[in-house]
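One chain, chain A, links the two complexes that follow: it is found with chain B in the first and with chain C in the second.
Up next is the complex of A and B:
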């Protein structure tokens, strides 16, 4: 009998030890594992987790990361979210998903009510959903400036640089035939052009598998516009390099996703000079504060595959994940009634030379952004008014030069170089 | 109809097993079952239209999407009740399917396949540019009313739909009309020569396939709670549906169901071990091997094995 009792006690103790050993905070990553943007979020999260684990973890437990690939497919995104929520039962989800993928899994987030942070999706419609239905959307946070804020500052670039400095009055839009291409084209025609006083002469749509852009550039030139506005997120290096190799005699700016990455120069075979694009911050060429410079140095020491410099969402993932865990520590876990208010209070300000430079904080739930006149609950606290002393700018414009370097060219406060025309384009 | 008692016994056993599944597996596994159930519905509807008649459609998501978008727009934009919007969506899909019938009266083979593919591309473009205030444009719509919440309820809903479709189509295909449809796939000229109207038969097949596709699409969107043009009008979605039907065994009802479950489970089973795109290589490799071994699909592999080893078979 004694042997039996001792054995039972031993088994009980072993079970307790096993339970204690398996107690852990589970973080789920949802996004593409084969894109530079997806990998940026993943790696930012990995670095934050390792840093936190080295300091003892969160709530006395180690953090483990579970990955779920979306392949940038909407339905796969729903399955990936369900996998993280029901099979892996994660405590927190960090997302590097693109817009329509996030919209696909959002109903699952509303159903499972798992704290979720989006680092790449910028669709302001999601922020509007938080305004309309706070109760079911409260676990959701977006720490990239939403597209309304991106657009507002980009219109300023149109007025200040394209119109006033360059003297351009008309634009021809070259847009890829994708969801992204359609959305940005709408933004340019409805917002940039009328507000900056620039006429849209023609919209030319091209297939993402296009290899020969000579006829398209010829058509753009024939439109008589002063410059080209390019919208390209897939295989952008092809159109970029052909613009350079064909020495198209017009300026070109716009949204060029390939140009956001450090590998752009290599991907274009060195033919990327003159290309410019808007980018959320911190972008390539963005002067970093000491804390984020240290993050970048550690990132480069740790990862030797692309992206060799993380996209902006890598920084968002790094800071956002640490904030989510700090909120859990303060709230005693991820129970929403306590975690959400704790997360809403997170505010990390990074200064450079004594000035506000980058900020990962949140707009208040009832706070109105003065320029756009709308509320941005659970959206990163951006600033779209000079002198940008309330937060980081919603976006900057970066340009690649013909010697392979790059710089931020707008807004003035953050610029590290000038917006210039390629050498073959006459003013 | 050639119905035997063991047919019903097998269906009853299958239904009992499937309804007991929530007691046997985890919620995560049930979610996989839900997607498999929907894929089975889509594969059956494709098989009714294409597997039977031989008119291979690459535009099936066109029909599924019409059903899904119709009910999504009606419920989200006009506050129409789901019980009204789903029947409307099915009717709209059936009307839209008549667009498929027009080319089918004149062309077949690869030409017909390409025309249907063009329909899908056309609708993909249209939903993005025409009334984006209704369709949600390029990003689609989120926050669409759902029929159920939770894995168990979602499973019962999708299972009931799949079983209703499968049994109805199984019974239909055992009628003389079903036999005539299969005969069109073998030799349309012979069916015509026997005095039957192939136009009417094709019309029937297309409307039936559209009915199931529209019904499946409508329920699917009210399960997901979101819809995006890239998710529906996508070449990968077409291939998944066709591969499920072919790998399971086309011109049968069980085949597309088996194919749908096999493919969905294979991918989800591999997810924890291969979270990236690598699992698609294994998926493709296994599908290729199976198809090379038996082009008629898994159903025929099982039937061959049954014929070889069934009790009472003489050596």
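Up next is the complex of A and C:
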């Protein structure tokens, strides 16, 4: 009997020790540890975790962060997710992955069923997967407006600014030869152009290793179009700087990922004036509400390497991670039956001068967005209709000026500057 | 069409400058210097550091790049090529490894993100609908000036004739009293300087990245294979064939196929005329 009692006591002590050893919440970061994109998410997560830990953590436990580098490579991304799930056994994963990498590890998420938040990927096909297969996709949340929402508001820019203000009737598309380039080209040809009344004269596809754009710009010029629509997510600073250095005599706008970052000016050697791009919010040049302005101030005080200003996904990571932990607090942990409904209820609204400015909330699972006529379960609650009083706009258009400054130029409610042509382009 | 002609001339001039240093080494030392692209890499970054980061005058940046390039060429000859004399495979492997090591060094010093060089002379000229960036025009003029100077140097000076002699028959040249070691040193120094200068123009035309040594190496190898060993004139002509071919393919067929036709040309020349279009055994 004594032996049994001692054995039970020993087992109890071991159980307690095991509990003590795992008495922490493990958050896994998945993304590139060397890109501005990945670092924005990582740092936003770090700041949220430090804030929460300073207040006692979550569920009485401290939060620890584990990092897994994807190197923006699909295979490495899958391995990184498996590492976080199997080796580290994390409770929650926050992702700064690019679209292709997220699509690579998504089947692993469906397999491991770990709560996961994507802060950069905007591929609407993932939202469609949630619509089609909620049970296996329910741990997944995306707190950036998905592609369709980005494109819909961008069509308004096409109508209001490119067509009406600039008087442009035709466009030549310059698109990188990637899945991203193909997808955006499809949106421009099938949605933007017909809706805005702009003809697509030619589509020029280029390899992402291209480093001499002179003949490509010559071809674009020869197309006779009024302006160039650029789609570039890889090494966009090269095409941007050559546009400026060659003083291509046509306006150019589009999706230019390098121009999203504060270091764009430095990266182009100062040859970035006139470049404009669609950007999710909060973007460069975007006026911030007091809470997010404080986040930015804290970020800049803490980090002295690039990106000196986080990309939009840095804000997404900061707010999204806090929401995920608040949901865990409410649900008593990360068990999906309790955590998912608690996460779905999270809604943080930030006002500026009394107006709705930014919002991190979610669309209801069966709720239909009126303009696009479809559901966006587990996607951030955006607003693509003026006066943007139910959520943040899905995107804004930002422009770099020739003096190195930048501003939001569309929509009007958020604009801090005007859309202008570079000085060498005649209207 | 005007655009094609102008861009073709500008690009070809740059290609000729890039390939010349490689041709010199291949002709005289009979060495496939796979670290040749690293001269361009280092030249570009030296210029970037001094002229763009430190704010020194651009001409000083160019001169420093050329000096560092020449020093690299000399050092490479003394420390790698000479000790491995005669073992071509070992030299090729060593120079390739050296290029990779230099690439890592650049990543350590400047990071792996690409950088954009400001034009040496900013601004463009429009001519009959064609755009001529001043910087690219300067590159083409400098390229032509160097090629002409090099042609006269090789053909009209004692050292140049000694280089020709070494390229034809190193042993015979030695018997005639030519110090082939000294000639090789001069050749490697000139090659490094030309490579570094080409690197400044190439980077200001395109971009600076730690992997930028690969593309110029491929261009150089292509020009040497198609043109044949030696011959400054051959290098010049083939640089123009490849330059114009790339511009025409980009403008009239598809930008993604830009480099493909060059590769097809290499295979075709190797099969039909292995000695190259202008194949000669001397400069």
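As a convention for this text, the second predicted complex is superposed on the first by the 406 of 427 C-alpha atoms of A that agree within 3 Å, B and C clash if a C-alpha of one lies under 4 Å from a C-alpha of the other, contacts with A are read in each partner's own complex, and residues count from 1 in each chain.
One rule holds in what follows: contacts are C-beta pairs under 8 Å (C-beta built on N, C-alpha and C of every residue); 3 or more make two chains touch, one makes a residue touch a chain.
Treat the numbers as computed from the prediction; the structure is a model and nothing was measured.
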| item | value |
| --- | --- |
| Superposed partners chain B and chain C on chain A - clash or fit | fit |
| Chain B versus chain C as contact partner of A:216, first or second or both or neither | second |
| Which of chain B and chain C A:74 touches, first, second, both or neither | first |
| Cα-centre angle that chain B and chain C span when viewed from chain A, reported as a multiple of 10 degrees | 60 |
| Which of chain B and chain C A:34 touches, first, second, both or neither | both |
| First, second, both or neither for A:87, with chain B first and chain C second | first |
| Touched partner set for A:303, first chain B, second chain C, both or neither | neither |
| First, second, both or neither for A:267, with chain B first and chain C second | second |
| Where chain B and chain C come nearest after superposition, their Cα distance in Å | 7 |
| Set intersection of chain A contacts, chain C complex versus chain B complex | 34 |
| Complex contact set, residues of chain A against chain C | 34, 177, 204-207, 210-212, 214-219, 221-222, 235, 237-238, 241, 245-249, 267-271 |
| Complex contacts: residues of chain A adjacent to chain B | 33-34, 67-69, 71, 73-75, 78-79, 82-83, 86-88, 99-100, 103-108, 110-111, 123, 125-126, 129, 133, 178-180, 182-183, 186 |
| Contact footprint of chain A on chain B as seen in their complex | 26-29, 31-32, 35, 128-129, 137-144, 146, 149-151, 224-226, 228-231, 234, 236-237, 268, 271-272, 275-277 |
| Complex contacts: residues of chain C adjacent to chain A | 3-4, 7, 10-11, 52, 112-119, 122-124, 126, 129-131, 133, 135-136, 205-207, 215, 246-247, 250-251, 254-256, 258 |
